[in-house]
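Listed below are the structures to be examined.
One chain, chain A, appears in both complexes that follow, with chain B as partner in the first and chain C in the second.
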Partner chain A sequence: MSNVNKRLFKEKIAKVAMQVSGITITGSLFFIIGTILYKGIPYLSWDIISQVPKGGFYMGKEGGILNAILGSLYLATSSTILATLLGVPISVFLNVYVKSGSFLERSCKLLFDVLFGIPSIVYGAIAFSIMVWVGIRASLLGGIITITLLTIPIVVRTIDELLRTIPIDLKHVTFSLGATRWETAKICLKYIKPGVFTAILLAFGRAIGDVAGVLLTTGFSDNLPKYIDEPAATLPLAIFFQLSSPIPEVQGRAYASALVLTFIILVIVICTHLLASKQRKHKI
Partner chain B sequence: MSWRLLKDKLIRQSFAAILILSLVVIAVILIGLGLKSIPLLRAEDLGTILTESVWSPLNGSFGFFPFIMGTVWVTFISLIIAVPLCILASTYLVEYADDALRKMVLPLVNVLAAIPPVLYGVWGVLFVVPFLSEYIAPIVGAETTGYTVFAGGIVLAVMIFPIMVSIMVEVLQTIPYELKAASLSLGATKWETIVKVILVKSRPGLVAAVVLGISRAFGETIAVLMVCGNIPQVPKSFFDAGYPLPALIANNFGEMMSIPLYDSALMFAALLLFTLIFGFNLISRIILNRLEGKA
Partner chain C sequence: MHTPAGIQATETQDLMNASRPHIQIKDLNVTIEGKRILKNINLSIPNNSITSIIGPSGCGKTTLLKTLNRLVDDTKGLEISGSVLVNGEDLYADGAEVIHIRKKMGLLSQKPFPLPMSIFDNVAYGPRIHGEKNKRVLAQLVETQLRNVGLWEEVKDRLDASATRLSIGQQQRLCLARGLAVKPEIILGDESTSALDPVSTQTIENLLIELKQDYTIVLVTHILRQARRVSDYIIFVYDGEIIEFGKTDEILLNPKQEITQQYVKGFIS
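This part shows the complex of A and B:
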């Protein structure tokens, strides 16, 4: 009997350990966001999000990070659009046009899965050397190209997972009615429409938060981004630079900038979540 | 009729072209990295580069050993923290938790995945680094600023939680009910069933999840760079500063142009990262695909 008790006791201990690990993992999310809120809110002001850096900004004087916010939005928006325009066709091609289960399909999907894990610093390093070789300097354009490369695998993978959930009957029915592959593809895309937006938002979130890719390719500028061939500031990089400053005011602004980025990311996450639940209910 | 077919054909060809274009870009990346690394490999042989510990580009010596060890240390520490926690938490979610709890926790874990690296870095600087130097280091009697491989490991551990938990949960869900039922009916407690049946059966999938975690940890740049001190030395303890490979690339790319072989050395670092991570990802994806096929 004591043996059984011992075993049941072990069971209890294990269960507590599991609950503690679960709480640690979920709790770390609130902890991170909480830390940023706690440190960032005192420094948050309208000036920070509505002004560009003025003279002496990095010494703790007037100014804001509007240049970085706009730069990041431009960069993330354009590269997300490009990645969608390139990624969705790749996914559709692999799922509708190529024979399912063929070597081409399987190896390409595996490749994009693997590329999904390649860190952005590698893309950044390569893009930088190519830019040096061709003779382009660090610019918004360089950043857009790098981030597009980074986000294509995200779009391809997410859309691919969605297309796989389409009942095979749907495809068979459209084919049997005499539809061409493109017409079937259009119906499939309609079927997963909310999901496509989820994929786009995921890519956007990754694009706006990336540092290592833009560090080398986009440069930094205190002006509002006007031309595509000029360096532009990005929000994560602004956080990074300001945080490494020894001046308390500048560090404070880094916390406030981090708060702005957190806010953008949370908005994206909430939209994604709403769209995902819409996808579950979505019927053609 | 023929217009529809023509349209279909045109679209097929343009889509195929886009696919080929993206494959070509990948090939260009790989070839470019290889070509750029050749000058360094010509100047010194691979073994020396990887095991030499003096990094002094001005004198033409490029020893990667400190950086490789920096990466290995932070990855190792993050795994010690993250692997047990993730296995326990995902087992709980699959075996004990009810649907409502699962539906609440898994999206939260996905939010963790959506947080940009730089915010993890900010958190590391604001919390982990001071916490280590003020509270943990005195306990073990170490003097440190807090900017250590330990801090890097903690930040990385939190960063790899989401990928490991989501994959482990998927893997654990593929275990057939009959196996559990058989074990439980023989009188095993639930925990014994988990340890002796479920975790054994799902080992390949769990390994794949860990390997994906490792490759994420290898490539993480900015968050680690912000907390780990960046001193090119071989770390000897948890409380030494380290200098991982990605941080090396990020910190030095701007100034590499004037020094001979420097750019080649950094491209070699990128090639090294690319190859390792590509290999790790490939292995774990193949394992996971196979599991998915069986289920």
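This part shows the complex of A and C:
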């Protein structure tokens, strides 16, 4: 085989490999969505999204999952907001204030990489033991704190990667105009704004979909979440409980619940993209 | 022979010169991660003139330029000794205020780098962070500076448009206007025309020649012809040392050192 043919052969292999993985991923995605739709739509009704579970709901009787929908929305929104408020300053500090390549920078980034990889059940277990120690029972607050801790590393690492893509020239421009580090940081954040929405979206996705972290810390309740110090239901747990039931009616509702969860995430994704594309006006 | 009035006039001129920024570098040594980038630099950069720093790639010209406004500060493994005096004030003295120092020096970097905002906001950015809030003053300032760099007529109808929509030559003039808006005393140029087409390069060069009446200008360039066209003085740097410093013609036509001759003739680059 001549050299050119060899190179063309390699090109072909690479292309086929990409096509295979593309088809596999898209296929599995469609399979998952298809299954949820196929199994969930027959059980989806206005009742299921507008009512709380009534007596015997998990035995196939009347009611809905409004408690879990609201619980999940409260939990994911609050912890995403908190994680963004706490995570963005950390990334800014590491990228604008700390000298690049310093021991502090490297050790902090390593720490967040480790935290990023810790399974959520570990966060849940630690938060649970602290809650027992200080005397807080499983509640929406406990869940918010746990999920915030879980999502901070996502925000920090994503924003950090974005800030690292900023050319050093941008910082030199603002510095040479006499800007302080904070003023420079604000310009850097403006520069990466569309990406910040992606970071928030990732955090929200993780927060709303997490089961293990909330299992021990948030508990479960059939009532609507009214107070922050009371247990609250979450959608993933609701799905889990319903799927564990042997009754086909309840299992079907689990798929309907999954459909609701997927729909919420879809809405959030679309909103984020719309917001992000509005911010691209001055993108360099 | 000087008349007393003549002597007085010369003295006044000297005083005026002394009131303009005067950059003096004394025993400057810069080491980055153990490598000596600049060695025993001693220099006095004249006022109201263009001084070009020339030399082969990696000889330390950009580092020399960036020590002037302390942009080297964030470099990993940086060790610096000696002093850089601007109007007698040491930039590297303990407690020297870096924001104040940088405001005095406008930087025109290699590639134009507009801030992610509109044309107007780019020019107004500097004055705004330094406390100017009056909209009329800002509008006036933006217009003056855009006129200074010959950009006003081209952009006056689209000041709200993103600065990134401008052509690269226009962007570089915008960056110059942005730098001038904070009223610096010195302009530093780091190969400022290397990304530009010949026409834009000429525009920037002519602007710099006009501006030297009011500013002290230090340029890093690797284009000898450019150094000949614009500069009054040339500093030749080789391997972190200043080999020669003098008037443009002296350095380019009659270099005293062998190595300068070789560089000027194009034997080393």
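Heads up, the rule we're going with is that the second predicted complex is superposed on the first by the 243 of 284 C-alpha atoms of A that agree within 3 Å, B and C clash if a C-alpha of one lies under 4 Å from a C-alpha of the other, contacts with A are read in each partner's own complex, and residues count from 1 in each chain.
One rule holds in what follows: a residue touches a chain if its C-beta (ideal position, glycine included) is under 8 Å from a C-beta of that chain, and two chains touch if they have at least 3 such contacts.
Computed from a predicted structure; not experimentally measured.
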{"item": "First (chain B), second (chain C), both or neither touched by A:I126", "value": "first"}
{"item": "Touching partner for A:T165 - first (chain B), second (chain C), both, neither", "value": "neither"}
{"item": "Touched partner set for A:Y191, first chain B, second chain C, both or neither", "value": "second"}
{"item": "Which superposed partner A:G101 touches (first chain B, second chain C, both, neither)", "value": "second"}
{"item": "First (chain B), second (chain C), both or neither touched by A:S45", "value": "neither"}
{"item": "Most chain A residues touched (candidates chain B, chain C)", "value": "B"}
{"item": "First (chain B), second (chain C), both or neither touched by A:E183", "value": "both"}
{"item": "Partner chain in contact with A:N223 - chain B first, chain C second, else both or neither", "value": "neither"}
{"item": "Which of chain B and chain C A:T174 touches, first, second, both or neither", "value": "second"}
{"item": "Residues of chain A at both interfaces, chain B in one complex, chain C in the other", "value": "180, 183"}
{"item": "Complex interface listing, chain C residues touching chain A", "value": "69, 71, 74, 76, 99-100, 102-103, 105-107, 109-111, 113-118, 125-126, 129-130, 162-164, 175, 178-179, 182, 188"}
{"item": "Chain B contact footprint on chain A (complex, rising order)", "value": "7-8, 10-11, 14-15, 17-22, 24-26, 28-29, 31-33, 35-36, 39, 86, 89-90, 92-94, 97, 108, 110-111, 113-126, 128-130, 132, 149, 152, 180-183, 185, 202, 205, 208-212, 215-216, 236-237, 239-240, 243, 254-255, 258, 261-262, 265-266, 268-269, 272-273"}
{"item": "List of chain B residues in touch with chain A within their complex", "value": "4-5, 7-8, 11-12, 14-16, 18-19, 21-23, 25-26, 29, 32-33, 36, 84-86, 88-89, 91-93, 96-97, 105, 107-112, 114-123, 125-127, 158, 161, 165, 189-192, 194, 212, 215-216, 218-222, 226, 246, 249-250, 253-254, 257, 263, 266-267, 270, 273-274, 277-278, 280-282, 285-286, 289"}
{"item": "Residues on chain A engaged by chain C in the complex (per definition of touch)", "value": "99-102, 167, 169-180, 183, 187, 190-191, 281-284"}
